[in-house]
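One structure, pasted below without further comment.
Per-chain numbering from 1; labels A, B, C and D assigned in written order.
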Amino acid sequence: MLSPSAGSDMQQCIDDCLACYRTCMQSAMNRCLEAGGRHVAPEHFRLMMNCAEICRTAADFMMSSSPLHARICAACADVCEACGDSCEQLGDMDDCVEACRRCTRSCQQMAGDRMGMPFSGKGAQPGAAAGPM
Amino acid sequence: MLSPSAGSDMQQCIDDCLACYRTCMQSAMNRCLEAGGRHVAPEHFRLMMNCAEICRTAADFMMSSSPLHARICAACADVCEACGDSCEQLGDMDDCVEACRRCTRSCQQMAGDRMGMPFSGKGAQPGAAAGPM
Amino acid sequence: MLSPSAGSDMQQCIDDCLACYRTCMQSAMNRCLEAGGRHVAPEHFRLMMNCAEICRTAADFMMSSSPLHARICAACADVCEACGDSCEQLGDMDDCVEACRRCTRSCQQMAGDRMGMPFSGKGAQPGAAAGPM
Amino acid sequence: MLSPSAGSDMQQCIDDCLACYRTCMQSAMNRCLEAGGRHVAPEHFRLMMNCAEICRTAADFMMSSSPLHARICAACADVCEACGDSCEQLGDMDDCVEACRRCTRSCQQMAGDRMGMPFSGKGAQPGAAAGPM
């Protein structure tokens, strides 16, 4: 679904963040709520919703070519890691675990690449604006 | 990018909404801001941001299997249509026009399908929660 | 917390939407999750989250002086009404019921005032941008 | 507008984040777009929108009593500081400067208070869920 110009690491990280947002949101609001019990324990359920939220926010920063995106991606990686761990302990949440792990790695890379120059780095590639999802 | 269980019309509409959210957000915050002039005229720019916002909200309602999603999809279709028209008049915004048109149709269908039973319809298919983006 | 210029009906509706967003979000993620049982029944919990989401989106449309805000406010009023009813039936959710009822009325008024001219009406008052919350 | 139980530092920080979200969003989408010129320079305008976004996300984490909120508040403080500086240099943005400065301090305090125990700290006070805005 990427345009030819959108082959960069950042477009991939946006993909991973939006996929993790969707997987966590759909899982929390469907599987977890319908299963009940430990799936709606406050600690787990909050983490699912917080993970969905920060993934979307990190995507937003990258979509707008924010020079501050590395800061948000670093925070996003931490939340995704915690959410992936919580899903793994709960069991039967394989797609969430996978989405969280992939997003953690992607955001860690994005945070590290830009870490030394958070205010001077340019965001999305020229032409990236043309890239549909 | 759909899981086997996510073949429904609703999963397709979520795809279309998230694609339109991303295209409008990236175009507004990159191409429009960098081009300036008519691309940042208040009427046009607001419509781009409003379209991104309501597309994401419509996706959210569908992702959470809300029985009220038809109401939001109907509003989303109107905003997407207005945004597509504005992008077409402006020119050089083909990907936005296309994303808005596709999302308009998808949301109109979703609104119509459920229109007669906004409070009783069930949302996403069972298993849809497993669907990564 | 309103600036002198923010006395309009629209600024009041933004206030009511953001208050309802906050009350529903905090109640769902704290009281409901901690109480469990009927408070996390999928129908109720989804409505709480959907209400928080559409209230924030309606506020967003009004904050950006969108001429399409009436459309979103109309949808928001319906969701708030359904959420208020659900909270009332559940009991012990007085602050949510009150916030939903107030936001329903405010959004209905905003939808009605603009209904006849959704594309031509001007949004927030001049100077409203200066209004902190 | 705070309930008796909502007197904590965290409720104050939620107030400051939501006020900064609103001020930045309204200013960007009204004053900046209508003024044009340097007010819609990509660097400035993106910062306004990014600041609105991360303020809302930080509020969201605190509203849901996330033990990870300190991480997000620290990132939010950095974005608010950059946005406040950009508004100050631009001039005629006093309300934004003030909202950003207040939110920076509030988020720094929240980040610092919890910095040593980001995963074990409890979020909002008991009963805070009852607090309307």
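Going forward, a contact is a pair of C-beta atoms (placed from the backbone, for glycine too) under 8 Å apart; a residue touches a chain by one contact, two chains touch by 3 or more.
Source: prediction; values computed, not measured.
Asks: Using only Cα atoms to place each chain's centre, name the chain farthest from chain D.
Replies: B
Asks: Which of the two pairs, A-D or C-D, is linked by more C-beta contacts?
Replies: C-D
Asks: Centre to centre, by mean C-alpha position, how many angstrom separate chain A and chain C?
Replies: That pair's centroid distance is 27 Å.
Asks: Approximately how many whole Å separate the CA-defined centres of chain C and chain D?
Replies: 20
Asks: What positions in chain D touch 2 or more of the other chains?
Replies: 29-30, 42, 46, 49, 60, 64-65
Asks: Could you please specify the touching residues of chain B with respect to chain D in the complex?
Replies: Those in contact with chain D are residues 29-30, 33-34, 36, 40, 42, 45-46, 49.
Asks: Can you list the residues on chain C that touch chain B in the complex?
Replies: 42-43, 46-47, 49-50, 53-54, 57, 60-61, 64-68, 71-72, 74-75, 78-79, 82, 119
Asks: Where on chain B does chain A make contact in their complex?
Replies: Per the stated touch rule, the residues are 1, 3, 14, 18-19, 21-23, 25-27, 29-31, 56, 59-60, 63-65, 95, 98-99, 124, 128-133.
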